[in-house]
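Residue numbering begins at 1 within each chain, and the chains themselves are lettered A, B and C in the order written.
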Amino acid sequence: MKRTTGAIAMAGITALLLTACGGDTESEDPTSPAADEADAPEGDDEGATSDAGDAADETAAGGEGDAAGETAGAPAASDGTSLVIWADDLRAAAIEPLTETFTADTGVEVKVQVVAQEKLREQFKDAVGQGAGPDITIGAHDWLGELVQNNVVAPVQIAPDVAEQFVPESIEAVTFEGQLYAVPYSVESLALIRNTDLAPEVPASMEELVENGQAMVEAGDTELILAQELGKEGNAYSMYPYVSAYGGGIFPLLEEGGFDGSKAILDSPETLQGAEKLAWLGEVGALSTNQDASNVIPNFIDGKAAYMVSGPWAIDQITEGGINYAIDPIPDFADGGETAPFLGVQTFYVSAESLNPQIAQTFVQEYVPTEEIQVGMFEADRRPPALTAAAEQVQSQDEDVEAWSAAAEGGTPMPNIPQMNAVWGPLGKATADIVGGADPAERMATAQTEVASALGGR
Amino acid sequence: MSQAPVGQPVATPPWVLAVKWLLIALTLAACTYLAWLAVEGGSWLIVTVVAFLAMSVLVVYSTRRGITMKYLLPGLILLALFQVWPIAYTVATAFTNYGDGHSLSKEEAIEAIQAQSVRPAPDSARYGMSVAIPEGEEIATAELSFLLTRPAQEGATGEHVVDGQELFVGTLEGLEPLPVEGVTLRGNGTIGAAPGYRVLTLVEANERAQDVSAFAVPVDGDLGIKAATGTQAFVGRATTTYNPDADTMTTLEGTVYVARDGNFVPQDGQGPALPTGWTENVGLDNFSSIFTDSTLRNGFVKIFVWNLVFPLLSVGSTFLLGMLLALLFNDPRLRGKGIYRSLLILPYALPIFVTAIVWAAMFNQDFGMINEVTGLNIDWLGDPWAARAAVLITNLWLGFPYMFLICTGALQSIPTDVREAASVDGAGPFRTLWSVVMPLLLVAVGPLLVASFAFNFNNFGLIYLLTGGGPFDATNSQVGNTDLLITFAYRLALESGTPNIGLASAVSIIIFLLVGALSYVGFRQSKALEEVN
Amino acid sequence: MSQPTAAGVPGAVPAEVPGPAVGTVPDTGTVRVPPGQKPRTGVWWRHALAVLALVWALFPVLFILSAALNPAGTLNSASPVPTAFSFDNFSDLFASQTFPFWSWFRNSLVVAGLGTVFQVFIGAAAAFAFSRLRWRGRRPGLMALLLSQMFPALLAFPALYLMFLKIGDVLPAIGLNTLWGLLLVYLGGAMGANVWLLKGYFDTIPKELDEAAKMDGASHARIFFTMTLRLVAPILATVGILAFVALWGEFLLASIFLLDQERRTLGVGLYSLNLADRNKYFGMFCAGALIASLPPVVVYLTLQKQLIGGLTQGSVK
């Protein structure tokens, strides 16, 4: 390597030099640092999540936007260097204390801002698109394609040996067109949640579940065979395990991983076989478009259903409602159809416009893959950690975790390609119609046509 | 007011003048401060706007002329800045393809595509990295280098290996071994100190963050060592490169992408476009697609019809109920009117996002109260006609208190003689109501009815929260049976598979023209403008 | 105000009354029983109908109350009768660190309160100009104001977002995520929103009063501040309550504007509380919504007398 052939190499890596995370043009914009500083003091007045030592920060928040605001906070960050993380209410409370190690190691203060859950994705996209926003945001993996389209997330060049420590599906979930864009911390999926007082036995198949459910309804013990979200507009996420049970699905899988977003397979014979099962579940009354987010969990808690298909978010309410429950994988169909759910992966994204790119990358690549953070996040949202070691650690504390992991087995991450946005609506509405009695083949064909025309029109 | 001679102004009290000039001075001072901040921030647009504000305040309030402007200026300034400007901006967007995947400039998109394409070379080494500058130089200006470490080959020793780590220094020229003398390693295997260098901490290096991001140590052709984090580096290459002469993107495999319609698409037409595109002017394409795309066009007509029917029926039904209730309570003998009235306005006082959720739950076919109580089994939210009825019922509930308030007021003003006269004349109560009270009321509340129509024409909240525009027909998940134009445009802009803000802006312009024309006609009918000449 | 009161002449009840003789006749407050007729048969049927109206108005509210009192916080959509009584949801809401309800409440009071005051003042000033001053372009001006209210404002939100993001770079105090910025946007519509209603009422104040004051040598400002504003107090109250209720319930724009929990208004806060974690907080949400409905009712009760007079005359002329 003694060669000083810089000139030659330079030509080859011009592109590399250009690739300053897409943020270097922004550095010439004199307004951007101001934006960052304006955000900084605001992170502090989350009375919600901060604890002692906030007195200084309170004053900083009072003098918002002026110079006094920037210098408040940890002494190590007296030059104003700080990371801003966006998260929803639940996760903001969880991540804030977990950043202490990072601050102690690096002297970089971390400020966590709460953003409403339903607004986070849009706000992040809009803010970063305008050169503002946080350095890091916590978000779901299926936002990825859309975020890349608008160039608001930076690639994460995680070390291969670190990537290997994660549940493989979680790494797959944050990979888009062969590039890694986020570091995962939890994997969630739907599962069968059973009221153990009403239904002590695990049903061996969907058919058995329906049979037991019908018996309970006839006996007057319950009112519903199964509680599961669908709604008038349908729900492709909730119905996916049935639709994909025979190898069908939404997009064909690519050999190199990921999905081929250029064509949908909603009308493939395998998908149709699943849709038939959907129709059957609707016919026997196990699924209904009248079951939606507003009544599924309440019905289960009121004992109106012995079985519910839902996710980890339901557990708090079930516990509060005093229901004895057990978690199992969604039963397969008796003829071998495997009901594997979609996986949702929660991740840390780095903004493409971060003014502190190395610091942000250090946090997500070197601190997020630690048991401290992964277990800490688990304690807040009860989703099984994505880091294998952390998942093993919490399994000993919480028996649900093992059950959730089992339920996730065989599941595929929700497609993170932007084309998926064109599918949720049409496929969701098709599932509602099929459960409501529409002919599966015809209805899936219509959905396919609609998706295809949306994809073609891009 | 004493005997001031005609035409001679009453002397204004000094304190009033003082307050006036104090206010003017304060405004100017505030403007100066704002302008100074804006200069600091480098935003010349804001400087110009603030200067213009200051000028107009000075001109309008410090002279005796232009009395009208004295009353209109505050409102006009706010109107121009926060209503007219956003509208103008939205109108401009309608002529572009702005939306998801088309939110960058072309230059930004080209840069982004290349940045996203940087991949680690297969089986390449991962380095521990420290950012360093020559000793004694300023961080802000010094030439950067990466001090790199990587696990040495087994058994390797020598002047570049310490503690099993092989040491390098990487510059823009290339990678060279670093002698171990004087070098100390940190716990994580990176170099903590080296003679002749000042190793920067994470926070110090952050001053040069963009330079560090752009920094690449060339190794082996097009490969380079780049920072992965603040302490780690990887060997990678850009797998997609831009050719400015041909305006094409080429991947390592040799696929060529050409620029077309705001995206790089494969030259051979096979396969999808590169995900990141850019904003382009598209002229009238958005408008023409509303009228030519069959889905949009059919949807538009269908939605438009409902968009006329819904506010008409809503205004009619809420007015009728509000009026009848107002008549009911318009009897002085009735006790407890205050309590009745305050309870009746609760539907108006509760936030709509609460009540809409409750109504949606009550309309649920299986679990809702409405079917339960009436014994019906109507699929309120799933059947197109039932859903429209549900929307109207809910809006009747939400809207009648407003009409009740208005009619209660207006009824007070109808002279009692009028009704008496009608009675004396032998007209029954209904005839009195129909031919005497109603016409008077309608004249009185006419402009408010038009305003109510305009509000309901764009009643986004109700539809969005109650039905989401649904139910939808099997063939088209973009056009719902209870959609209004505004919920339809919102779906196009934000919630469809291909969010397209440009198209949604075009729809909003059409909505604007339609509702404007309708309201204009409505006002002409109500003769409200005749007073103005 | 010299419309013929044709309807007052016995035997001349017209099918259409030309120009109502309203606004000048005070509500007598007593019932005059038409001669030759017996008094109507009491008011019990009015009470009966009133109770029916209350049932219609309140039964959905009972669902909210029932969910707020239900410790599990679930909506029992089939019956509004509470299945359990507890104030847990209220105390949870007040104690919540994550959802600072009282900060939201305070923010809403500030935004809706100040917004109402400024909207009324700006509107009144504009109405004065349109009603009292002679200048060219009044008619197109009024029409343009009306039209500016017709734009589907929701679709201009991205532009507002962008604008305030840039403003915030330079003037953080009024940028995104500040109540002041939000207030400014709300005031953008101040002139257009109510000028029609206000102008109508201003027109009913006899111009002779102005003329007389002018003869006395009073300046236009003196007339406006010391005379006109007093005379139009009822319509100011009316516009005040309409503006207050509208600002109090606004959440679409505010949810784009306000990020920090501490800086949210009630509308934004409650809306996101409902959506957070899949209906987990529905009970707290309903409890908060019930409390949120109180200020509009209080404002209404305070201004009730004024309100009735204001709507009457303003809308007529």
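By our rule, a contact is a pair of C-beta atoms (placed from the backbone, for glycine too) under 8 Å apart; a residue touches a chain by one contact, two chains touch by 3 or more.
Only a predicted model underlies this, so the values are computations on that prediction, with no experimental measurement involved.
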Between what two chains do the most C-beta pairs come into contact? B-C
Select the chain whose centre, defined as the mean of its C-alpha atoms, is least distant from the mean of all protein C-alpha atoms. B
From the mean C-alpha coordinate of chain A to that of chain C, what's the distance rounded to whole Å? 41
Centroid distance [mean C-alpha coordinates] between chain B and chain A, Å: 24
Note: chain C residues in touch with at least two other chains are 75, 77, 158, 162, 166, 169-171, 271
Scan chain B for residues touching two or more other chains and write them down. 41, 43, 357, 361, 364, 367
Any chance you could list the residues of chain A touching two or more other chains? 31, 34, 294-295
Footprint of chain A on chain C - complex, ascending: 71-77, 97-100, 103, 158, 161-162, 165-166, 168-173, 175, 177-178, 255-256, 259-263, 268, 271-272, 275-280
Note which residues of chain B are touching chain C in the complex, please. 1, 4-10, 12, 34, 37-38, 40-41, 43, 46, 67-68, 70-72, 74-76, 78-79, 81-87, 89-90, 93, 325, 328-329, 331-334, 338, 340-355, 357-359, 361-362, 364, 367-369, 372, 397, 400-401, 405-406, 408-410, 412-418, 420-425, 427, 435-436, 439-440, 443-448, 451, 454, 458, 460-461, 485-486, 489-490, 493, 501, 504-505, 507-508, 511-512, 515-516, 519-520, 523, 528-529, 531-533
Under the definition above, what is the set of chain B residues touching chain A in their complex? 41-43, 100-101, 103-104, 107-109, 111-112, 114-120, 126, 172-177, 201-203, 205-206, 209-210, 212-216, 218-219, 221-224, 226-232, 234, 236-238, 240-242, 263, 271-273, 275-277, 295, 357, 360-361, 364-367, 381-382, 467-468, 470-472, 474-478, 494-499
Touching residues (chain side chain A, partner chain C) in the complex: 31-32, 34-35, 38, 42, 45-49, 64-65, 88-90, 93, 113-119, 123, 126-127, 130, 132, 293-295, 297-298, 301-302, 313-314, 316-317, 320-321
Provide the residue numbers of chain A that touch chain B in the complex, in ascending order. 1-6, 9-10, 12-13, 15-25, 27, 30-31, 34, 76-77, 79, 81, 106-108, 122, 129, 145-146, 148-151, 154-155, 157-161, 176-179, 232-233, 261-262, 288-292, 294-295, 299, 352, 355-359, 361-362, 365-366, 418-419, 421-426, 428-430, 433, 436, 438, 443, 446, 449-451, 453-455, 457-458
